[in-house]
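Both complexes shown next keep chain A, but they swap its partner, so chain B is in the first and chain C is in the second.
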Partner chain A sequence: MMLLKILFRNAFHHKLRSSLTILGIAVAILAFGLLRTVISSFYAGVDAASTTRLITRNAISIIFPLPISYADKIRQIEGVKMVSYGNWFGGVYIEQKNFFPNFCVEPQSYFALYPELVLDAGQKKAFLNDRKGCVVGRKLAKKYGWKIGDTITLKGLIYPGNWDFVLRSIYTGRDQTVDETQFFFHWKYLNEATKKLMPGLADKVGFYMIGVIRPDVAADTAVRIDKAFQNSLAETLTETEKAFNLGFIAMSGALVTAIQMVSLIVIFIIIAVVANTMAMTTRERTGDYAIMKTLGFGAKDIAILIFGEALVLTFTGSLLGIVLTFPATRIFSQHIATYFPTFLVSAQTIYMDIAASMIIAFLAAVIPTRQAIRIRIADGLRRIG
Partner chain B sequence: MTESPKNIVEIKNLYKSYHRESLVVPVLYDITFDIAEGEFLSLMGPSGSGKTTLLNLIAGIDKADQGMIRIGDIDITNLSETELAAWRANSVGFIFQFYNLIPVLKAVENVELPLHLTTLSKRGRREHAEMALAMVGLGHRMDHYPSEMSGGEQQRVAIARAIVTDPTILVADEPTGDLDRASAEEILAMMERLNRDMGKTIIMVTHDPRAAERAGVRRHLEKGYLNHDAAQNPL
Partner chain C sequence: MAVPLSYSFRNLGKRRLTTSLTVLGMALVVFVFAAVLMMAAGIQKTLIETGSPDNIVVVRKGSTSEVMSTIERKAASIVEMLPQIARGGAGQPLMAKEVVVLIALKKKGLAQSSSHSNVVVRGIQSSSMPLRSQVKLVSGRMLRMGSSEVIVGNSIAKGFQGVGLQQTLTWGMRTWTVVGVFDAGNTGFSSEIWGDVDQVMQAFRRPVFSSLIFRLQHPDAFDAAQTAIEKDPRFTLEAKRETRYYLDQSETMAKFLRILGTSLTAIFSIGAIIGAMITMYSAVANRTAEIGTLRALGFRRRSILLAFLTESLLLGFIGGCLGLFFASFMQFISISTVNFQTFSELAFKFTLTPFIIAQSMIFSLMMGLIGGVLPALRASRLKIVDALRAS
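Here is the complex of A and B:
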């Protein structure tokens, strides 16, 4: 108990130095937490992916389409429960900076395959009955102030021209991890227009979304689908939704690696800061430790004091950093919702924060402790006065 | 005929040198002397004569190169570091020039500190510490931090800490070196009382002849050699 009393009082004896160290740790843990949240956001789609959904795309590249006629053939394949399809539309709202994910889909099957997108029954019916209708996520509608019945015009970047849609439904996510910034409309609306404007692109889809009967048949079903279109003009590549999403992340692999590196550098910097504080503290207390050794306290007691002080400082700073991560993430997500629709602090990030703070405390205390333990009592006493 | 007191400290053929990289600096040469139980001994000598080194060796906070130091029935030169630490906790009370109190602990907590190495209960520790502080006249300053006390008061807390475990010997290294005349007199008077009334064996290193005069026996060190003609205080 006495050792605990000493280490707690030691930790806050120099108020300014302790406060600055704690603030430094808090900022570092905050930065680390935010960077880890950015990385988690990259993987949010992967984590949220269903194990009973497959994605089929053109084997050459996702930018090449597949014929709509594949849909019926896929439905016949063993293990397939449901088939939907869609295209990336690539439109912007008013100007290029107003970018959000927008797709045309076969709506009946698509919303049946994605139960995590929750639509009001009446609104859904209105959307299904209106070829020019669209469905948008709650966050997107809020961002642009859209209300049911509003006409929304998107400027097509792949499919040129201005495209008018009537907002018929606003979906909400089943949980916090669901992206609420997407825009969906009828595939038929695009296809009919394409037939007139770009006949070469008509009756084509960018990807098929396939529901399988059970997660354990997903791999075999994917093989059977690709086999069915082997040696055709448009061979397919079928993956689980998780693998498909990971493929997208791989395109940003260098960026993710850079963020991971920066998050580690932040931790190394703060280790140096805390180690410097602990080195100064230990040097100042050499006399105190010598006295304690003189009185009969052992190396273990001195180690408890120094490690304990490092832990108290680091955990106080880390706790502050973790607490600040939540409001900071909310503010951050408001500005980057377009790029990271689900920007949430995960439990894993908190665990990593705690692990990082323990590593900081341990590494910062290890050398000062070794020095304090090894110094001869007579030499330690000589430093007093 | 009265029985002469037995020796509590026996030192035989003690040598000590310090190693500074490749340089060997001899500090003590062939020191042999005894200290009787209940004796108040002062060790005098110029700077660098080896007084503090000798005190450190007797107190078990440094190791001799050669020779024997027996305190009570224990030859401390044969003890390991861990055994020495336990022995110090039980057998030696320390008083230093700069008081050496733990700054973040209150007076009563500083005095209680060595008792944490004993089997005393929390309540027992507190009672002992309060009693020791009362003995040095600081019963009213228990909850004050060292920074809130004068030098003389801090040294009295240090004395309370030194006696709280009822050690075999008290070692004092320049206990009045950082005090004004009046405070120094107070501290010396207190040490005299501890020696006279409680029978404490005290070994005190000092530069100050007036402080040395308070001791019953005075010994001189000169360039690491002990002057064997110990002066007995006629008082």
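Here is the complex of A and C:
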């Protein structure tokens, strides 16, 4: 008990130094938390993926389309409940930097297949009835200030020209993990136009989204679909939605690894700072420890004192850091909504924060403790400040 | 009179653990700062070296990469007639009509099925090789035009499965044999697979070209060629210098990395500055009596301030050197990732430029300076009598 009291007194003996150290830890834990959140939002699409959906695309690569005639054939395959299809439109709003995902889809089946996109019934009907209509996510509409009935013009990069759409509906996500920055419009609108402009590209779809009857038949159904189109002009590759999304992350794998490395480095930086503080503290208190040893305190007690002090400092700091992470992510997510549509602090991140601060406290205290325990009483008493 | 430099220097040596921990913290921050900038510079350098200033790329207006672009055969023939195009030895125009598509290939090493990446397949003509002087065959032989043979870039041969010499690839219901590996140095071509343009177009059922590349007869003829192409009402094409074209492709990635890098290091540097501050404050506290003595000897406040600032600048300097030392080893590392803009694989090296060295050193010295200002001010403000009494 008395040790605990000394420990707390020690930790806050040097007010300036303690508060600087705590501030440093708080900043580092904040940075660590932000980086972990960046990584987990890379994987947000994977976690949000449904187990009952498959994605079928051209086996050569995603840029090659599949004929629309496959839709009927896929529908007949065992295990398939629903088929929808769409194209990546690749349009930009006014200029390149206003990037958001935009697809044309077969609307009726698409929204049935993706119940997490919630549409108002009246708005949905208006959208279905208007071939030039479009549906956008809540965040996207807010970002550009679009209102129902507005005309939105996208500049096509893959399909040249300016494309006009009328905003008919704004969807919201069923929960926070749903991407609310997407833009959908009628596949038929694009197809009718390409028939006139580039007949070669008409009647093609970029990918099929397939709903299976039960999650456990997903793998077999995927194999059956690919088999059906084997040795055809457009062979298919069918994956679960999760695998499909993971494939995209794997492409930028080097970046994710880099961010992971950096989040480890931040831990090392802060270990250096805390270890520095602890080293200074113990050096100054060598005399105290010598007196304690004279009074009969063992090596264990001194170790508890130093480790405890390091723990008190790091925990105070990381608590501050964790609390700050929440407002920081909110500010951050407003600036980088283009890159990461969903940006939320996960419980796992908090656990990792706590684990990190334990490791920091432990590693920072090791060397000073060793020095304090090793020193002989006579040497300790002789040393001045 | 100034306090001698050796005073500051020896003080750092006095407390080795504290000094080295502070320096280590700063070195790590500088390392991250330099590494991210090196990554951005690496991508940019790779893509800039891919283009050569005398070459002109023609793509469909508005398309940001060759993959998106389509050029009809008729339009290609019209462009080929331009007088600004250089001629080869036999009088043929030095122009290549190429097609660019992406295929998904499996990466080496990882077992999971998801580790596919998009690789550029470029259909070339015999004039493509002389237009790209950087490309050299390192093993095997050149592909025969009119056959299902391909040559692969060395980054692809290294990083992907099943693309070694004499191995076969299957796309478009045909089997393609790898007959050669080429080295294109530190350029984007090293991440490509090349085949005969007519064969590739047929296999992928793509009756149009993606891009036209030609050499200018005279470097100044660019404007004339550009106007001739862009003003022609028979097609909507645009012409860019190859260097410009590839620089545009690197912009998104480089910008993303720079923003990421600077915001990260801005946060990290707070940690390191605090580390330096703690060190310097305790240096001042431990040496109060010493400072009093110095002042009594006649050293001015300004000299004391300067001595302590020098000490913390030295910390920053050593930290910066150490960080750059580690970062320079990153130059041996070559990584590959998908370029957001072209959606295809690009291998590149971390590149250390003199500008990055200067930036990192300034950054590191700034950290030392900011960390040292307050403690140094405190040291210089001590009253002689109080300071001498302390011990």
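Note that the second predicted complex is superposed on the first by the 383 of 385 C-alpha atoms of A that agree within 3 Å, B and C clash if a C-alpha of one lies under 4 Å from a C-alpha of the other, contacts with A are read in each partner's own complex, and residues count from 1 in each chain.
Everything that follows uses one rule, which is that a residue touches a chain if its C-beta (ideal position, glycine included) is under 8 Å from a C-beta of that chain, and two chains touch if they have at least 3 such contacts.
Just so it is clear, the structure is predicted and the values come from calculations on it, not from any experiment.
Once the two complexes are overlaid on the shared chain, A:Ser69 sits clear of chain B and of chain C alike.
When the two complexes are overlaid on their common chain A, residue A:Phe297 makes contact with chain B while staying clear of chain C. In the superposition on chain A, contact of A:Gln108 is made with neither chain B nor chain C. In the superposition on chain A, A:Arg9 contacts chain B only, with no contact to chain C.
Between chain B and chain C, it is C that contacts the larger number of residues in chain A. Contact with neither chain B nor chain C is seen for A:Gln348 once the two complexes are overlaid on the shared chain. When the two structures are aligned on the shared chain, A:Gly287 is found in touch with chain B, with no touch to chain C. Contacts of A:Thr51 after superposition on the shared chain: neither chain B nor chain C is touched.
The residues of chain A shared by its contacts with chain B and with chain C are 384-385.
The residues of chain B lying in touch with chain A in their complex are 53, 56, 59, 61-62, 82, 85-86, 88-90, 94, 96-98, 100, 102-105, 109, 112-114, 116-117, 122, 178. Listing the residues of chain A that touch chain B in their complex gives 1-2, 5-6, 9-10, 13, 287-288, 291-298, 376-378, 381, 384-385.
Of all residues in chain A, those touching chain C in their complex are 16-17, 20-21, 23-24, 27-28, 30-31, 34-35, 59-64, 90, 96, 155-158, 160, 198, 200, 231, 233, 237, 239, 243, 246-247, 250-255, 258-259, 262, 265-266, 268-270, 272-273, 275-277, 279-280, 283, 339, 367, 384-385.
Partner chain A is touched in their complex by these residues of chain C: 15, 17-18, 21-22, 24-25, 28-29, 31-32, 36, 39, 60-64, 67-68, 70, 101-104, 107, 110, 112-118, 171-173, 204-205, 207-208, 236, 256, 260, 264, 267-268, 270-272, 274-275, 277-279, 281-282, 286, 335-338, 340, 343, 345, 391.
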